[in-house]
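First chain A sits with chain B, and in the next complex the same chain sits with chain C.
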Partner chain A sequence: MLDVRDLRVAFETRGRTVPALHGVSFALRPGTVAGLVGESGCGKTLTALAIMRLLPATAGIQAGDVHLNGRSLLDLPEREMARVRGAGIAMIFQQPRASLNPVFPVAAQLTHVLRLHRGLARRAALAEAEALLARVGLPGPTRILRAYPHELSGGMCQRVMIALALACRPRVLVADEPTTALDVTVQLQIVELLRALQQELGLTVLLITHDLGLVAEICDDVHVMYAGRIVESASVEALFRRAAHPYTRGLMTARVRAGGRALPTGIPGRVPPLGQTPPGCPFHPRCHLAGPECAAAEPPPEVVADGHIVRCHRWRAGVA
Partner chain B sequence: MTLLTFVLTRVLPGSPIDEIAGPMATSQQRQALMRHYGLDRPLWTQYVAYLGGLARGDLGTSFVTSRPVAADLASFFPATMELTTWAMLLAVVVGVPLGVWSAVHRGTWIDHATRVLAVAGLALPVFWVSLVLIYLCFYVWHLVPPPIGRLPALVTPPPPVTGWMVVDSALARNWAVLGDAARQLILPVAVLALAAVAPLARVARTSMLDVLGAEHIRATRSLGIPWRRVVWTYALRNAMLPVLTMLAIVYGYLLGGSVLVETLFAWPGMGRYAFNAISGNDYPAAQGFILYATVVYLVIFIVVDVCSAILDPRIRT
Partner chain C sequence: MLRVEGLHKRYPVRGAGSGRHALHAVDGLDLEIEAGETVGLVGESGSGKSTAGRCILRLEEPTSGLIAVDGVRLAEAREAELRLLRRRMQMVYQDPLDSLNPRMPVGRQIAEPIWLLGVASRPEAERRVYGLLELVGLPGEVARRYPHELSGGQQQRVAIARALAPEPRLLILDEPTASLDVSVQAQIVRLLVDIQSRHGLAYLLISHDLSLVGVLAHRVAVMYCGQIVEIGNTDEVFARPAHPYTQALLSATPRDAPGEQRSRVLLRGEPQAPIDPPDTCRLYARCPCAAPACLERPAHLQTFAPGRAVRCVRFLDEHGRGVVSR
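Moving on to the complex of A and B:
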């Protein structure tokens, strides 16, 4: 389905090249939900934007490839890539209100997308827009169509964004922290909506989040990112049963559990800033298992079990 | 406002009597003229009389033209209005796309070239550009008619309806005069537009860059809407708000009359009228002009506020 291979992205600032993604590889299985997990600044959003080819002007793809249904997206001319966006892969964003153009009513963008991608006539597009808004659970779709983003709540904006993303019937949906900016109760509703739509439409979803609870709830596979690398990939069951990477285990213990008595223990230190990644394994300065080999060389991917891959020299020491 | 201009025009050195009476007048004649125009009365009674006139729509009578100031303004205003409006239209049509284009191609040679052009438009003195253009386009190449006002000599103007030569001649279906009037407009409009393009292009570029970096533009692109449509439909509308404000400032400034351009092209407009009024100590005319300029600014800014509200729904609520 969507296949990301050895993706390398770097920022170019004042003649200096600062690498941000150091060879990210993962694949999405059709009709499943994959989580991309990690702390802020580890390159999750950058990965998503690179897949969409919507990186900021200062960032560029250095190497690697992205395949959608066997077709390489990075070689496509911009005009054809625009056709893939929306119809092939759609995306929803972290800040729902900021993602909607403030000076256009909801109807304007929604019908434009429908007419562009599905060739609907004006009247048909309007009817379809109303149906879409109803489908994403917005009450009074006719009223919403006339509304401007500032007249809607954050949750409503995110529902509108989901309607926009689904308007072109994409097969892959990239959801970049779709609930982070919302109230807890609204978060639940949006998650429920995404899960329902995913099952109903057979969508393949890449869910970017730092919320392991959310991952446990709706993901099939998980890819854990650290400092611009995928450090562990596994199915949700395997990861929660037996996380191999010390960073993943750190994330798990850092979770707050309802009813738990113990305070969550964090991971000491923090994500190294861009351009100051330590040599060897980027996690070794914060790792309680680190040994001399960890500072010397970057660990190669190792297979823990079928479909469970980890990049750590000493994962055996931790798992035992 | 009226009090300020009233006092200011009067405390300036010089007296209108010098102009009216001429250098050979005796002191009795001067006294008689002072009494005739009411200039011998205390300042505050003069001011009250002036305000009383204003309330009736009477701006006083010009010492120089001996006509009511209101009538003078009414005849000079359309000339400036026509010249300025065509210049602004041209400046918007050229300046805004130039700014947008420059923003989209940020940092490339296109961007640098348009910026140099915009700065050149600001830096070149208007009178110099006018003279060079008159010399080349009229004298050397004979592309445009001589700079002698709104119509060539011996052409009968169309019956005034709006006061705009181009519109009036079109209304009168007098196509020959329409062509004549349009040709007279070419050079002065071009000169004024050149000065107005620079600020418009700069504001358009800056605000476009701002908008293009916004998250909703990325979201719109993620929906597969082609780049060209994203820029010219979705981003442009957001970017127009600061441009509109700059437009109002430049338009208001130009409507105040451009003395240099109007003088060089013998254009019977507000700039020349105001210049003559102030240099000749023509109190009622100068006061009338300042009042006119204030009203024009207010009207323009009200119109811009209304346009902004149409463009941006957030202002409405």
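Moving on to the complex of A and C:
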């Protein structure tokens, strides 16, 4: 389905090259939801933007490859890539209102996409737009079609974004923190909607989030990122039952848990800023298991179990 | 130590049809906090929880209501008294970078409230900075740094040190961990618990994060559209929420592990701004348990068990025999 191999992205600033992604590899299994998890600055969004070839002008792909159904996306001419965005891979963002055009009503934005990408006539596009809005659970779709983004609430804007993303019948949906900016009761509505759509349409979803609770809620597979690398990949059950990387385990204990009085533990120190990644394993200065080999060399991927991969010299010491 | 009675904050609204309209941001809030106690004020954006916090500090002038600290009423306090009361109540904000002065070394920012509020002389204040930094787990050399040189977690520690500087009795914590990374949030939570146990401070924790409130707060007050809809001991409210809104909030908190089964209370739609709200239930249009009776009588916050009160006509009809009106 979607296969990302050894993706390396760097920022170019004032003649200096600052690497941001250090060889990110993962594959999405068709019809599943994969979570890309990490704290801010670990490279989650950058990975998604690189896949979509929407990197900011200051960033560039240095090496690696992205395959969608066996076709390399990085070599496509821009015109064909534009077709892939939408029909192949669609993306929704954290700030739904910021991703909609404020000066056009919803109808114009939806029918524009439908006419351009699916070649529908005006009337047919309008009918399809209305059907899409109903599909994402918006009450009174005819009224919403006439509305401008500022007249809609955050949750409604996110539903419109999802309708837009689905307009071209994509195979893969990249959802970047789709619920973070929403109120909690609305978050739950959007999670339920995404889950229902994913199952009905057989979508493959890459969910970018910092929230392990959301991962437990909706994901099949998880990839944990730290300092521009994937440090652990596993099925969601394996990760929650037996996380192997000390960072993943730290994230688990750092969670403030619902219904518990237990104080979260946290991880000492902080995520290293871009360009100041320590040598060796990037996590070693914060790691309670770290030894001399951790500062000396970056750990290679090791297989913990079938489908469970970790990059840590000392994972065996921690799993016990 | 802090007593709030009938706190109202209304904002005039224009362009909502003819006549005078008002947004009832905080609509009759009653709250008490004891020394050493943490009360969580939870709600979604627009529920009035932050406005309530700002009114308590009189950063915002309340429309009406009584606020008393250690028996002294804020509204009647003269300038000198108000200064003394301000010493006793300090606030920690969500985004430390927004609340710290970018052009002043953090040591001076921590010392300033000490001598400005007359707690100690200026040289003494500057000496105390190091003790305060140590209290929040930062090395003394941080005093010479500027906020932008520090990480988010360190900045929030500085903001806490500055809030503690004038020796307050109450800290109002407005989403104190919301802008921080997960691994750093936990450090701040531990710090807050540690400081409270050592100094017997009272905390008013304003947050949308029920998990955080569950860990920190002894009692929780749930706000919806400007009103408290449920209040009680945190463990009891979390174990047996009485109000459908509390149930919905609790069921919206993420699961701890995959496969964990959870009953779901899903609300329709989104919160409406409380402009000229009715005195009947404000959740009615979104509530999965709404019944005709809900529109017949005003919804009052009523005690139904020791230390627990709820604002739900249906719940009180079903469970609330011998209820005491507040």
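The working rule: the second predicted complex is superposed on the first by the 320 of 320 C-alpha atoms of A that agree within 3 Å, B and C clash if a C-alpha of one lies under 4 Å from a C-alpha of the other, contacts with A are read in each partner's own complex, and residues count from 1 in each chain.
FYI, a contact is a pair of C-beta atoms (placed from the backbone, for glycine too) under 8 Å apart; a residue touches a chain by one contact, two chains touch by 3 or more.
No experiment lies behind these values; they were computed from the predicted model shown.
On the shared subunit chain A, the superposed partners chain B and chain C are arranged side by side without overlap. By the touch criterion defined above, A:Q198 lies against neither chain B nor chain C after alignment on the C-alpha atoms of chain A.
Note on the composite model: angle chain B-chain A-chain C, taken at the C-alpha centres, equals 80°, rounded to the nearest 10. In the superposition on chain A, contact of A:T277 is made with neither chain B nor chain C.
By the document's definition of touching, of the two partners only chain C reaches A:E237; chain B does not. Look at A:T248: by the touch rule set out above, it reaches neither chain B nor chain C.
When the two structures are aligned on the shared chain, A:E217 is found in touch with chain C, with no touch to chain B. Of the two partner chains placed by the overlay, neither chain B nor chain C lies in contact with A:T111. Between chain B and chain C the least C-alpha distance in the superposed model amounts to 9 Å.
Taken in their complex, chain A has these residues touching chain C: 39-40, 139, 153-156, 183-189, 192, 210-214, 216-217, 219, 236-237, 240, 250-251, 253-268, 270-271. Chain contact summary for the complex, chain C toward chain A: residues 44-45, 151-153, 181-187, 189-190, 193, 208-212, 214-215, 235, 238-239, 248-260, 264, 266-267, 269-271. The touching residues of chain A, counted against chain B in their complex, run 49, 52, 54, 56-57, 78-79, 82-87, 90-91, 93, 95, 98-105, 109, 112-113, 116-117, 148, 150-151, 161, 164-165, 167-168.
Residues 106, 213-227, 234, 237-238, 311-314, 317 of chain B are the ones that touch chain A when the two sit in their complex.
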